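The chains carry the letters A, B and C, assigned in the order they are written, with residues numbered from 1 in each.
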Amino acid sequence: MSAFSGTVGLALKIAFLSIVNALGIWAAVVLIDHHKWRAVAVLAAATAGLDAIYLVKRWTLPLKFLIPGTIFLLAFHVVPVAYTVNVAFTNYSTGHILSKSEAIAGIKVNSLTEVENGKAYTIAPARDKGGHFLLVLRDDSGATFIGTKDGLRPIPRSDVTVSDGAITAARGYRVLKGTELGSLDKELSTFTVPLGGDKAIQPQGFDTAVVLAPTLRYDPKADGFVRLKDGVLFKDNNRGSFVAANGEELEPGWKTYVGTRNFSRIAHSSLIRDPFLKVFVWTLVFASLVVFISFALGLLLAITLNKPGLSFQRTYRALLVIPFAVPAFLSLLVWQGLLNDDFGVVNRLFHTSIPWLFDPNWARVSVILVSVWLVTLPLLLVAVAPLMIASFAFNFNNFGNIYLLTGGGPALGNSPVAGATDILISYTYKIAFAAGKGQDYGLASALAIIIFFVVATISAVSFTRTKALENLA
Amino acid sequence: MKVGRRLAILLAVVLAASLTLIGGRATPAAHASAKAAKLTIWVDNVQKPAVDKIASAWGTRRGVDVNVTFHAFGSIRDDLKTVKTENAPDVIVAAHDWTGDLAANGLVAPLFPTKAIKKQFPAYALNAFSYGGKLYGAPYALENVGLVVNTRLVKVPTTFAQFEKEALAFKHKSADNIALAVPQGSGGDAYHMYPFFSGLGGFVFGSGKNGALNPNKIGVANKTFLKNAPLIDKWNREGLINSKVDYGTGKNAWLKQKAAFWITGPWETDALKASGIPFRIIQLPKIKFRSVPFLGVQGMMVTKFAAAHGVASLAKDLVANEMMKPSFQLDLEQANLRYPANIVAGKRVSDPVLKQFGKAGIGGVPMPNIPQMGSVWAELGGAWVKATKGPGATPARVAFATAARNIAAKIAGG
Amino acid sequence: MSTSERVAEVTVPAVAERRQPKRRRFAQNWWRHAVALIALVFALFPVAYVLSAAFNGDNSLSGSSLIPRHVTFDNFRTLFVGQKNTTGHATFQNAHYASWFANSMIVAGATALLTVLLGALAAYAFSRFRFRGRRLGMLTLLLIHMFPQLLAVLAIYLIVLNVGDIFHFIGLNTLSALVLVYLGGAMGVNTWLMKGFFDTIPSELDESARVDGATPAQVFWGVVLPLAAPVLAVIALISFVATLNEFVIASVVLETQHKFTLPVGLWQYIDQKYSEHWGPFAAGVLIAAVPAALLFAFLQRYIVQGLTQGAVKG
């Protein structure tokens, strides 16, 4: 205690606050440089808040101890949760990750198509005497042209020198070569030689050009694309896509808010609704059994090993900890190999032929067995109510174990997606990331929110049943 | 007052400290008016040396700074979706089955190589990188599985009946012999099983107009295939195929000569050479149809960011021109032990193992590159697992018809 | 989020050892040894396969035989010297294992220390002060970690990406950013565990110190922390090991070879389906397990000393 006498304590506190404030001011200056005004405001408020908490005497006392951890909790836990909640109300998914203007630009680029029987040209970027940028072109027949923003103009073949298939010189023009090309991109990549109608010659790199024409045109007034060949209009459907009357959709779409659509999809999709109860019950069974068995085993081991004077006691403990030091995903992969029913070591050792991973019920046993292994043996557990509940919640959402060991399988005959060992979170993953059109973050987020409410409710109820909260009185 | 004194000290210290910090702060990087253009390429470990070599030579010629950055192969596709324009790559290496996803997301730009260049590539390699009728990638390597035959133990079969006879005869020699080491395991492996699937008339997606795949035409349980499916039940009964063989088991069995046949790909080249076992690699003999494997094609793509960075022409020049040339393709072949996509380069391949894998892939089908393929893998693999798990297996017709129904439900409802 | 994933452990103390004749002790305790041995087999069985793969030349995991036919150190050499494929090209340009190891130690060490500190501060507040929102605060701490992490990784990536644009030293591909992210999980189950232990430290001790004129901060640093050494050791160990093995977030935040932590770096050996290099991977995992084992051996004294009080009361 003498180490923290009044003066030293005060000095430390002042040093700490000084560092915080100095960092705050410095960060504010950097943020101002970047014109991040909202961030500056948040930073200023946070710094002022911190100063207030640590300088005011009495009533902030608990906060002085709680604030440091809370800052990190907010930044890296609460913000991601808020982000997920936000995503749940969007259509963020494959085909919907750009902004609308980016999507429009993307559709325009994608709509450029090689004209049927269109020519390909060998080209060379060049400048005329006035320094104007243009292209020297040569088609497959050997005819040569000058291409400018105004169009294509034939020039005598003899004006153009070709060697090894490439245009190296053109009389009256300076052909650009070598390192000059590197700084030419801005001029070249937007340069097109119009051919009448929608067609235009567009350079592809520095040596070749093709004739391209758009198949769609954006109409800003109608806020939609018109298909040129048949006049079909693709209109903004307010869900992030341009869609024609017959349901045909242009790609890419864009990310936008879609209200509660993801939630109503969950309610209406038979893919999700039908197996939900079955998956939910199994999730409960899985999480409860893993927690119960591992705590029971942990307790048994603790009691067994806690005999005073037991020889090898330390050795046992030290050895039992080793699996804890091996990354869980590796252990899971090893287990998967060990449990193979024809070739796995477990069956060979016991001369059994149990279909550990192939039969729905045995697969459930395996998943529990391996999860218990992962939870119990690392260290010897003693039952603590909050820990049990946390462990329950963790296993409730234990995506890694299920995914790496059985992938949710084996399949159940009557459900398209849900497997025998699928828990809610692995099922969510399958629905949102391995079905439909690839990744659907919006749907996954909506499901995550629902799962959270389920597990939080169960946990809160079990809390009230334990003495954990009474100790908090 | 005490508090007043504390505040005074604090203020003084804060002022001093922040002045020091601000003084030492690096001035914000002046937005470089980038004289020399800079082109960023994301590549994985394996290809990096070859890409480094070709890109830096090209960059010197064009007057461009080329920045070849290592990026783990598995994360390139997803990182491209979140990366900021400032840090985004202009060119990436890609697997062909990302094409639909990336194009539907508007993240990659279409390419228009000349006919002369296109002629140097098999049509399926270019199709593999096409989506909605447009080409989005320059293929550089092909990979596929083949039937690896231990020639010390069995004769190289020329017909499927011969293969079946040899495999079963070998299996019956010893209790722990495996007829065919083709990996499945509890999760299934539709990729390695594809030669059997195609040989019985199965396909994943039919194609619509302009050759684009149609996710609503599912061929997993098409009539022809279902008619031939009882053969699967026969293979299951006689033990030709057993879904309990997983990758490690199959590999070990072949290497320990407990299996004479192994279905695997060029990623095992090192293991094959090191085994000391005399072997030949062939395409699985024709069942009812040619038993072609799935093809994986690797290639380079130009991202949408190249235009924003003002290097679109440069990126297209590098990808659709330079990198499609035989010389680059051969460099990559050396680096990653895959058969080059360029036909001219393919003829120059000298490695005997690669050559044989290349031949085993002839006529192969590129894995569908539309995003809906995500709904297929587990189901198709699962149907094989159920139909070939030995006693108690589901009849193949039922297993595959169920899979087809599930795939349709997933594609519609996801 | 790192430490809460591995459920905490608490051992019951070995109080005083009573001297008994060895034979009689064994006769009494044979069933204890039997239980312990069964547990050991169950626990170490899969680990044995990792060990076997590390010394085996054929790059397979859970292969057919537990005892490798050709014992080799090639896998370890690969980690530090590199490896070549048949055409003579290095499959990894350099062997980076040493820097992965160093990075992991830095990140896990810093995270463990700061986690203990932040968690203990909060636990002290919850244990010693009575304030509005205390119950709710503790409950929230537990519940908030129950939110499925499926998309959190994406959010964390975006946070680090945006912050790093302005403050490069805590941006993507920095170890400091990784530590900061891990500290988001510093308050959680740990806090409950520590609070439970703090509750068992008689508050008379605080009060007498307060009477002597000590401030709450001085009580915390001078009285409570030293007495709480066992629980601090447990939390430090759990946090250290969990951080050491954390893969998902690290793989998203770190981008280059010389910044990778052990799991991210080693993952590269097995990330290509069908061409996994299990040998070097297993060898790398084995070496990586050494610091954790040493730390446990070192802390075991504290851990075994006396956690029962805190644990049982909860």
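As a convention for this text, contacts are C-beta pairs under 8 Å (C-beta built on N, C-alpha and C of every residue); 3 or more make two chains touch, one makes a residue touch a chain.
This one's a predicted model, so the numbers in the text were calculated from it and none came from an experiment.
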item	value
Higher-contact pair (C-beta pairs counted), B-C versus A-C	A-C
Of all other chains, the one whose Cα centre sits farthest from subunit A	C
Cα-centroid distance, subunit A relative to subunit B, in whole angstrom	21
Centroid distance [mean C-alpha coordinates] between subunit C and subunit B, Å	35
CA centroid of subunit A to CA centroid of subunit C, Å	25
Junction residues of subunit C, two or more chains touched	61-62, 64, 154, 158, 165
Multi-chain contact residues (two or more partners), subunit B	248
Overlap residues in subunit A, where contacts from two or more other chains coincide	30, 34, 336-337, 343
Contacting residues of subunit A [partner subunit B, same complex]	10, 14-15, 17-19, 21-23, 25-26, 29-30, 33-34, 55, 57, 94-95, 97-98, 102-103, 106-107, 109-110, 112-114, 120, 178-186, 188-189, 203-208, 210, 212, 251-252, 269-271, 336-337, 340-343, 357-358, 363, 406-407, 409-411, 413, 416-417, 430-438, 440, 443
Of subunit B, residues touching subunit A in the complex	3, 6-7, 9-10, 13-14, 17-18, 20-22, 25, 28, 35-37, 59-64, 81, 101, 103-107, 109-115, 132-134, 185-187, 242-246, 248-249, 304, 307, 310-314, 316-318, 320-321, 371-372, 374-375, 377-379, 382, 385-386, 389-390, 402, 405-406, 409-414
Residues of subunit C that touch subunit B when the two form their complex	58-64, 85-87, 89-93, 154, 157-158, 161, 165, 251-252, 255-257, 268, 271-272, 274-275
Residues on subunit B engaged by subunit C in the complex (per definition of touch)	45-46, 48-49, 70-75, 82, 84, 86, 247-248, 251-252, 255-256, 264-265, 267-271, 273, 334-335, 337, 351
Subunit A to subunit C touching residues, read off their complex	1, 3-4, 6, 9, 13, 27, 30-31, 34, 36, 39, 61-66, 68-70, 72-73, 75-81, 83-84, 87, 294, 298, 300-314, 316-331, 333-338, 343-345, 373, 375, 377-382, 384-387, 389-391, 393-394, 396-397, 399, 425, 428-429, 441, 444-445, 448, 451-452, 455-456, 459-460, 463, 467-469, 471-473
